[in-house]
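For reference, chains read A, B, C and D in written order, and residue numbers begin at 1 within each chain.
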Amino acid sequence: MAHPSGRTTSADWSSSNFNDADRTTSHVHSARAHLGLHPTAPIIEEHDTAEHAGNVWVKFRAVLKEPLAEFFGVLIMVCFGDGSVAQVLLSQGQMTAPGGNGYGDYQSINWGWGFGVMLGMYIAGDSGAYLNPAITLTNCLLRKLPWRRFPIYLLAQFLGGFIGSGIVYANYINGINAFEGGPNLRTVPPAPKATGAIFCTYPQDDLTKASQFFSEFIASAILMFVIFALKDIGNKGQFSASGSWFPLALFFLIFGLGACFGWNTGYAINLARDLGPRLMSYAVGYRGVWSAGGYYFWIPMVAPFCGCLFGGVLYDLAIFTGPSPINAPWFGLKELTKPRHAIEDRKEIQQRDGLV
Amino acid sequence: MAHPSGRTTSADWSSSNFNDADRTTSHVHSARAHLGLHPTAPIIEEHDTAEHAGNVWVKFRAVLKEPLAEFFGVLIMVCFGDGSVAQVLLSQGQMTAPGGNGYGDYQSINWGWGFGVMLGMYIAGDSGAYLNPAITLTNCLLRKLPWRRFPIYLLAQFLGGFIGSGIVYANYINGINAFEGGPNLRTVPPAPKATGAIFCTYPQDDLTKASQFFSEFIASAILMFVIFALKDIGNKGQFSASGSWFPLALFFLIFGLGACFGWNTGYAINLARDLGPRLMSYAVGYRGVWSAGGYYFWIPMVAPFCGCLFGGVLYDLAIFTGPSPINAPWFGLKELTKPRHAIEDRKEIQQRDGLV
Amino acid sequence: MAHPSGRTTSADWSSSNFNDADRTTSHVHSARAHLGLHPTAPIIEEHDTAEHAGNVWVKFRAVLKEPLAEFFGVLIMVCFGDGSVAQVLLSQGQMTAPGGNGYGDYQSINWGWGFGVMLGMYIAGDSGAYLNPAITLTNCLLRKLPWRRFPIYLLAQFLGGFIGSGIVYANYINGINAFEGGPNLRTVPPAPKATGAIFCTYPQDDLTKASQFFSEFIASAILMFVIFALKDIGNKGQFSASGSWFPLALFFLIFGLGACFGWNTGYAINLARDLGPRLMSYAVGYRGVWSAGGYYFWIPMVAPFCGCLFGGVLYDLAIFTGPSPINAPWFGLKELTKPRHAIEDRKEIQQRDGLV
Amino acid sequence: MAHPSGRTTSADWSSSNFNDADRTTSHVHSARAHLGLHPTAPIIEEHDTAEHAGNVWVKFRAVLKEPLAEFFGVLIMVCFGDGSVAQVLLSQGQMTAPGGNGYGDYQSINWGWGFGVMLGMYIAGDSGAYLNPAITLTNCLLRKLPWRRFPIYLLAQFLGGFIGSGIVYANYINGINAFEGGPNLRTVPPAPKATGAIFCTYPQDDLTKASQFFSEFIASAILMFVIFALKDIGNKGQFSASGSWFPLALFFLIFGLGACFGWNTGYAINLARDLGPRLMSYAVGYRGVWSAGGYYFWIPMVAPFCGCLFGGVLYDLAIFTGPSPINAPWFGLKELTKPRHAIEDRKEIQQRDGLV
């Protein structure tokens, strides 16, 4: 937006200047640093004036840029994902549907979660679009994402799942009432008219704890292994899925996990996608969300972290040639012998590389 | 097309020159300006001679370039969308189909609308491919699309929906007769053999007005929120869906809305896609198109506008850092205190930026 | 392949030189010109030596480069398309299939034809990948494809359909025998155990001739209209589907036509895809392939030409601003008053532009 | 990673230097040469220091870079592919699934194998992502891939299939027990509760040996024919599917083969995908894996080689103009008359071109 006339008008958006612009900026930087984020918000140069605008909200938002991105990314992901389960479950066998057999089938749910992840990534470009605490953690450990960002990302992702599932609940409340048999009935599997599986995952009956864990573990490991392959510029590049291709590849990956590893435990593979909606369903009155499946609820909290770490380490062991602790002497475990020294070294490097 | 010989032949298309070319051009400019369009039609330089050709139709078409693009874009969109509903509904359960169970299922309809939007966008590149009055309006309010274009775009989109659904009706008239039970029967849901839902949306039974509204509202809000994300060059670019990727992403988005938010009210999310075909179905003899669902017809006229505006404002509040009234002081609401002044300022800026 | 040593070995493929290379080349050129093709075969510079190799077959193949491309393109297209119908039809309801209900459903057929067209285009890049006589014809009339190429392309496309359907027949002969009830039974719809629809299209029962024609006409018109939009560089480019995107967009388009306009007559929209396989099914013993549906067989021969021409003319009338007879004075119809003169002019231009 | 401070820390991954770096490198080169691989591992320049790191595993891995890529590529491919069959088969008709009819249908299996191949290719970029011994062989014969690499690639691919199917078995062991009726029952088709088809392919009943062979042969031929077309830069380039498009096109191709040529024998088209899992299923206790279908097991071992060779030769005969023995005089068969001389020539060329 060139300003040949030099005149600033109220309709000329975002170009207002303030004498205290510098002070504002320094407030933003300091607030961001306290949250574990990089002092400078990721705003492209053309839009940079917005950070200095007189709009207080704009300043506040600049502080929370990446957490907001993760929040809305997970929110949209869960809207589509939980929405697809709700639609398929509630309309099951409805004969007035076009085609005479409900508004979708199990594949619609694979589509739904695939769309959710893909579109969520487009929304969360500012933060790296992790959308999953286990993926965030693995990137902290193996890909130099500063650990300080983990807590705020985790919180934002969790809240995104919580609110996203609330939107789905609000949208389908009529259908849930009709399916359960009344507005006061809110049941979870294996109750015959349960709708709890709309929000979070429940395992198949008679599945051992080990199988529950293994199912979430292996799906998370594949998830991380493939993501690292897709992002590995050293993996010869000829089939590169970077840039615009990445969300599409993730769509295929999530769809694939749902079609191939979704039966045992419903492919949670993500604390934010499971615990957030589980808490929401608890809040709106579902009973048994914690005890179902032999207190299964902790599996999708723990297994994805184990699985993603395993998958990430395996990729670095087997294929990755770039900078990773795995490629350092003693697989980087030497750091554990002198933890304080290692942390100081790491900090120094992160500052040098402009990561914090 | 080089003209080394300098000779112009009748077979040498589009190169004819006329003495009154300048006069023609000025007529075109003036007619376009009256319609609220930019004086110069969006024609690439290589094709520019066409505007001056002696073909009267070509001149007329240059005047209506963008409205024609919106018209045909919506027409193709509705042909695919309504066509898929017609095929699935009318062939329901047909045992002579390959596979023994009709020519498609509910997912075919998700595909159909997805294809329709994607292919409609390829056709309506000239006008920006809004294909939806609510999206046009939100772009006027938040993205500097001049308000003057709104009426003619709305009209073109509405007519596209009207004619597109007429083509589908003509194509499937035999099947509709057979399904309804005779050429004089044209019923809408919840009649047992209703075919009215081929053309426009009807809500599920027993859905409250609030739920009807909320369903259209939330789907429209997600639609606009994601579209703004896809178009936001400041959203870090690494997952950019601009250029060739945009129609593909829209395909996924529309498919997703149908798979995840399509049950309650059939995801109209577009006045042109609902009111146009509704009027066509009324014109060809369907009874009850207005009163069905408790006079539901106004919901897909009003809710998409509210939802798209909400989704657009939310995106600008939460993520967008570029030029938007939301990013101006007082969220741009100051303009409301001096409306005349604000309109003059806006006009000045639009002229400076070459938008009108 | 650099040859630093200058030594030519028998293993050094394709680099042999012959004294009579020039004579060979001139033979190739002359043979190609007689077939209506451009004298020079479309071979990239790096591969150009191949044309001069001593391998007689290589020379022969250079003569038929484009027809071979169309032949194999249509062959692959029909292999996938007819193969999908065969698989879905013959395995219908088979309970031992994974999932317990056959090896695919109607949507598999939409996928199959979509894949066929997409992969066929990758194979037929040399010739422009028309794969359809009606599309070839429309390009001759509106996009300067020389008319002289039409006959040989038509023949190649027809033979591709003929042989491709023969491969499908050979592959599924056991299944056809089992489905029909014996190796001597080969029936077409509406016979209860008919398998004739594997190869070519048959209309729904009780469809009037007008509806049969209209269904093929409208699907062909949409096909051509959208293809012209996808190829129109003047259609603002922002949603361009050129280059690598084109086959993907065609995949969506063909899938969409099958999902939305496939019920009445099975979306033949292509003489080569329908008449070629129809003749093959007649040759292997199917009875009634010509008389079925009230001698329906001529509809998919004639309607696609009419529909594609209509769709192409409509696009040029409504949107296209580039060189087209429609954009010439009197819509190019003036040529009809002096046909001989027009043909001479056209030839001159084609030679100037290097098209013949 | 710039090192402005010049200081090396333990946290500064992968930058350690060793005096014996040269010796290490020469060990790696020599070990790789013994395995038939190119002496230098395919590592991009930015990552090249990793090869010299003090981490012994990193050195070992550099030796096996391409085989590891093929191993993990096939492993992931089989995880998704066999996983999808397992999920669809074991959940067949389950009424508690959302939608009320199991967790997927036959199409999910087409998706699964398509995803598997696509994601496997992203993982195996280092080695060329053949993932199939028959494709490797055809590339050795027609595309200058050194024959010496064939054995180690074959072994890696086979092991990938073996381990991948083991992971699927471990993940679904509960479901297999429930479906078969007990932990000691492991049956193959046509047993009524057989689960053997999860791992490897079994033919339809009553299919002649010729039809079994032809089905695998034709699917493999199409596979190779289309892959060569996708990789042919001389095929005019306008529809090029190179680079990022290649895995997507392969996804469509594999999905298509499953949807159109998957009924007779389950589209094995790959020894590694069939024999590896077959051996695993034999190892875990399935009975009849060798004798089923009239000792069908050798068909997917032999037919893919024949089919891929045929498809590759056909493409080179019909369309390819680049360097191939088919384009040499006498179709390269002259080499057979003086085999020793031909091998020496070939070696010389390979060294000159840097292939070995």
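Going forward, a residue touches a chain if its C-beta (ideal position, glycine included) is under 8 Å from a C-beta of that chain, and two chains touch if they have at least 3 such contacts.
Source: prediction; values computed, not measured.
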item: Equivalent interface positions on chain B and chain C, same or different at half; value: different
item: Per Cα centroids, the chain farthest from chain B; value: D
item: Angle of the C-alpha superposing rotation, chain C to chain D, to the nearest 5 degrees; value: 90
item: Centroid spacing, where centroids are CA-atom means, of chain A and chain D in whole angstrom; value: 32
item: Inter-centroid spacing, chain C versus chain A (mean Cα positions, whole Å); value: 45
item: Where chain D touches two or more other chains, by residue; value: 102, 104-105, 107-108, 248
item: Contact graph of the chains (line, ring, star, complete, other); value: ring
item: Listing of all chain pairs that touch each other, if any do; value: A-B, A-D, B-C, C-D
item: Of chain A, residues touching chain D in the complex; value: 85, 88-89, 92-93, 102, 104-110, 189-190, 197, 204, 206-208, 211, 214-215, 218, 222, 225-226, 229-230, 233-241, 245, 248-249, 252-253, 255-256, 259-264, 317-319, 321-325, 327-332, 334-335, 338, 341-342, 345-346, 348-349, 352-353
item: Residue ranges of chain C touching chain D (in the complex, touch as defined); value: 1, 4-5, 9-14, 16, 42-44, 46-47, 50-51, 53-55, 57-58, 61-62, 68-69, 72, 76, 79-81, 83-84, 86-87, 90-91, 96-105, 107-108, 111-112, 115-116, 118-119, 121-123, 125-126, 129, 167, 170-175, 178, 242-244, 246-248, 251
